[in-house]
Amino acid sequence: MSTDPYIWIAAILTLGVFSFLYRDNPFFCFVEHLLVGLSTGYMFCTYWHNVFLPELVNPLMAAPFGPEAHLWVVVGICFLWSCKYVRGVKDLSRLALAFWLSIDLGLAIPTEMEAGIIAQVAGTLGVSFSGTWDQILGNAILVGGTLAALTYFFFSKAHKGAVGATARVGTWILMIGFGASFSYTILSRIYLLIGRLLFLLRDWLGIVN
Amino acid sequence: MRNLLVAATFIGLAASASAAVAEVYPPSNARAADVPNDGGGAIEVSWEPSPSREIAGYRLTRFSEGAPDGELVAELPPVDTAFTDDAESESPPVDGTPYSYEVSAISPDGEIAGAPRTAQVTSSPSWIHAGRIANLAALLVFVAMFFVLVYRGKRGKPLFIRPIDALDDMDDAVGRAAEMGQPVFYAPGLHSITQPATVASVSLLRRVAERSARLHTPVKVPNYDPLTWPVAQEVVRQAFDRAGRPEEFNPDDISYLTSRSFTYAAAVAGIMVRERTASNFLIGHFYSESLILAETGVSTGALQIGGTDSVAQLPFFITTCDRTMIGEELFAAAALVGDDPVSRSTVKAHDWFKALIMAMILGGAAACALADTGILESLLDLFGVNDPAQAAASVIGWVRGGLR
Amino acid sequence: MKGGIGYRLPFALMLVLGIFFAAQYYIPHPVVQGPKEMMLQWKQPLNAFIIFLALGGLVVMHARKVIRRQKRWGYSVVTLVAMAAMIFAGMVWGTGEGTVFSDWFKNLVTPIEATMFSLLAFFVASAAFRAFRARTTGATILLISAGVVMLGLIPAVEDAIPPLGEVANFLLKYPNTAAKRAIMIGVALGAISVALKTILGIDRTILGRDER
Amino acid sequence: MTPSRFFDRISRLDRRWIFLAILLAVALPFLTPLEFRAKPSEQTREFDRALDAALGTGKPIMVDVDFGPQTMAELEPLLLGVMHRIFESETKAIFFTLMPDAAAPTRQYLSEMAKEYGLEYGVDYVFLGYASSFAYTMYGMGTSIEKYFHEDDRGTPLGEIPIMKGVERLADVSAVVNMASNSFPKFWIQYGVAPFGFDLLVGCTAVNATDLYLQTGQLKGLLAGGRAGAEYEALLVEKGVVSQTGDATRGLGSQSLALIAILLFIVMGNAGYFLGRGARGPGRDERGGRP
């Protein structure tokens, strides 16, 4: 049995989380609220020390009008965003939000096109139809399945007749994919539990070596 | 500079090891070219290896008007056959200045044999990334379709969009919560509001909040993202205003919890169980914690509607939610939620582009199948193409190369 | 007021910057990449700032619960105290290896989060029990696909019925990839469409404002 | 109770019974002498052959450790197996990580190995510590390792470490082994193998393996998840590298029992659903398989 007080505390907190499986209880509620406090405190300090100081405050303090002077814009955006909490100038915060939205949404357009469409299409239309019979069958299913599943995502056609039948096959392809991925995930999840049980049985209680 | 040092040690070691004098031949076919598709300031030099069996390495010298006697760029180990002279060099190439390079082989005893200088090259920044033109073309096609349909939507042309069951179910779910007198729960995902899936999710949140407000039902929206939180709060507040019940809005219901995913999962599980939320909406981008949220919802008997663009989490929503919006359905639902004709018609742009994609996949796969069975070659022969085998190979090469 | 400059300015800013950030992908020239890199550099400190504001919101919410003695206010005290302690430790003694801060993180936060994560082992089982039932055609296919893969993952079963593993691999490699590709293509279209609608000001859910 | 009532009950079994069954299934192999033996698959043998070839070159090998405490149970046996294999063959090894959480555990594994094999730090092995911006680092290490790891974990400049003499970039090591709980192997392929063409060996979680199977052409070897860990342990016992199997083999027992339990519950659920129809009115708890 461990003599390290941290291991004891960690073990008790671990049991607190497991107790949720039986039902919600004050112990779990305590652990949950403790965790929220600790993790947000952790976030504050890491962002303060690793991001806010080195990437904004320090460069501006060292040389307010040096090569990093453009960081004053950041201060400006922070100021605009804070206007959200001031009656009368609330609208100014929308400028800051517009800045955030435009960066990520603008970036998303070409990158989604590349990773989500071009890469996927290129991988599907150039399949090989030579090789063993299971490879040929597989590639035929790959192409046919992709087309059928795409048909399922057609919104401006009623799912009736030929379109409906193809879309139905499409949902089956989706279901095969979901089933297979689900099962494959189980393994990794069991190992997570093994990790916690080993912590309890070995590091804490010492009944397993 | 470090390259230099190492190569120098290399040469020193090698020289002391073998005292025999071996003749050293220069590398051949040295050529230099501006690195394409970059911001300038980079020239790539390449060469065929020296035929000498044992060499200590290569030395790369650069000549320009400012340095007619040449300046050393790098010394490289014998396995290398190319080097990029760029910002990492001692003095990077300047755009617009013509340079030529000399590659020489160094024998183990320090003998040097230089290849003829390369032709002069200048580095320059590119205005367009050649490898991304296909992407740009595809995007322009989509944008064109998008605008045509937006225009048609503005003119109020009616168009058919199949009903998305999840939208009706969302209304029913809110109704159920109101009947039971228990709150509605809405998780907008773990991504920031600046990501498309969250934007779509918040559009749906507005609908849920409006309906809840009319039915005097509180909406609990715990947030993971610090920027989604204030936006979600604003959207719900406006919904309650529009429903004429601003006094029923409780800002604490739309809370920020934490930005660590399993802390978030723990806190959300607590909320679901203790607030006894009757209908749970899990819509947006999720990670592994998705199943913790959804299974806890199942245990409280809540009616659940899921929707995510995260491919890896869809299996878990499919197994635990009463209704799941799969990928694109989430975006389509968000476009249809407001009954705005312009928004509605953009959904049709997806379909047009999808039809184009499907035609390409079908055509490409058919071409591959024809080629792999040899039919393509005979077809090309039939149409009188010169060298059908070559033509077939180049067509398929283009298809397999992703049409680039 | 709807057409006022105060209402329109954010949309104009978003239109210009949004198109810039989409277009920069195709233009490697420093004239474009320079400003892009600069603005991307702003994101991290901005992110820190909004996190600080959000944490402030969390503190206010819990403080309100305590002051008003709302239901379960005691637990809010736990959260506030834990947060204060963590921040105190991190600001006073630093956050490096071997500090109180990192010890607490390693021995308190990590084990709880890891245990939360491990609950998934139980939840995949209960979800499988409930969902994998042959009720409809779709559900039956889901059941068969999941069952075959699961069986193929048990070494003893795979030894007894060797093709099972191959079938599982086949399912994973071909139909699963087809499903993933179709979903990804659809998601990309939807995402591009939402991004365009927002940038162009067609969808004003996020940046709009109540006009009343 | 009528049979249909009984089966209906079964189909709506309280999920806590399932939780209990899973707990027992996972814990039993650790508490009892229950022995499960893994048979090394062709894929596992292929990994070992590739590793063997790398160790035979006489050049140092690089190991990138990218998993934290959460996925330790699944990946630790893989890493320990590879470490035993490397140090038993007296090959020099350079360790580093691109994930901050992985630094502390790596340090600990290395100190245990050093004790067991009597290794000297800096001569037989070195730990370069953590480098941020993983994609840039992977790409950059193709041309210069020192640029991304100025000094090792103990603050010694790379130039002063004996083992690093002549190791300038990835081409100078025999292979890179990446043990990762995330998508880093994919990035290694994209930013390392594609442009620089070295040998990459990967150990990953079962979840991430589904993506990597499709790229097996670019990997010299792949160990996927705890099952591969158990197989590798068995292989190392077979080769006499270690004397007995470890946690992964016991984990294999947990995994098999848990999968069997889940399958039994699925069978029960279906039996209950079909045989208990008579006792059930129109209900709502019909989730799953409906988009």
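Per-chain numbering from 1; labels A, B, C and D assigned in written order.
The definition used in the following text is that a contact is a pair of C-beta atoms (placed from the backbone, for glycine too) under 8 Å apart; a residue touches a chain by one contact, two chains touch by 3 or more.
Bear in mind the structure is a predicted one, so any value in this text is a computation, not a measurement.
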(request) Tell me which of A-B and A-D has more C-beta pairs in contact. (result) A-B
(request) Find me the chain with the mean Cα position closest to the mean of all the protein Cα atoms on display. (result) A
(request) Could you put a whole-Å number on the gap between the CA centroids of subunit A and subunit B? (result) 15
(request) Measure off the straight-line distance from the CA centroid of subunit A to the CA centroid of subunit D, and report it in whole Å. (result) 21
(request) Could you please state the distance in Å, as a whole number, between where the Cα atoms of subunit A are centred and where those of subunit C are centred? (result) 4
(request) Starting from the mean Cα coordinates of subunit C and subunit D, work out the distance between those two points in Å. (result) 24
(message) Give the residues of subunit D touching no fewer than two other chains, as numbers and ranges.
(response) 15, 19, 22-23, 26, 69-70, 207, 210, 227, 255, 258-259, 262, 287-291
(request) Please list all residues of subunit B that touch 2 or more other chains. (result) 132, 135-136, 139, 142, 193, 196, 199, 227, 230-231, 257-260, 263, 266, 274, 298, 312, 314, 316, 318-320, 326-329, 332, 347, 350, 354, 357
(request) Two or more other chains in contact with one residue: find those residues in subunit A. (result) 17, 20-21, 29, 31, 35-36, 39-40, 42-43, 97, 100-101, 103, 105, 108-110, 112-113, 117, 121, 123-124, 143, 146, 150, 153, 171, 174-175, 177-179, 181-182, 184-187, 190, 192-193, 195
(request) Under the touch definition given earlier, write down the residues of subunit A that touch subunit C in their complex. (result) 6-7, 9-11, 13-14, 16-18, 20-21, 29-31, 33-52, 55-56, 70-71, 73-74, 77-78, 81-82, 91, 94-95, 97-103, 105-113, 115-117, 120-121, 123-124, 134, 138-139, 141-146, 148-150, 152-153, 170-187, 189-190, 192-193, 195-196, 199
(message) Help me check something: in the complex, which residues belonging to subunit C touch subunit A?
(response) 6-7, 9-11, 13-22, 25-26, 38-53, 55, 58, 72, 75-76, 78-87, 89-91, 94-95, 101, 103-105, 107-109, 111-122, 124-125, 128, 132, 137-139, 141-147, 149-150, 153, 166, 168, 170-189, 191-192, 194-196, 198-199, 206-207, 209
(request) Would you tell me which residues of subunit B are touching subunit C in their complex? (result) 37-40, 125-129, 132-133, 135-136, 139, 142-143, 146, 150, 193, 196-197, 199-200, 202-203, 206, 223, 226-227, 229-231, 235, 238, 241-242, 252, 255-260, 262-263, 265-266, 274, 288-289, 291-292, 294-295, 298, 309, 311, 314, 316, 318-320, 326-332, 334-335, 342-343, 346-347, 349-350, 353-354, 357
(message) Residue numbers of subunit A touching subunit B in their complex, please.
(response) 17, 20, 24, 28-29, 31-32, 35-36, 39-40, 42-43, 84, 97, 100-101, 103-105, 108-110, 112-114, 117-119, 121-130, 143, 146-147, 150-151, 153-159, 174-175, 177-179, 181-182, 185
(message) Help me check something: in the complex, which residues belonging to subunit D touch subunit A?
(response) 16, 19, 22-23, 26-27, 30-31, 69-74, 205-207, 209-210, 225-227, 247, 251, 254-255, 258-259, 262, 289, 291
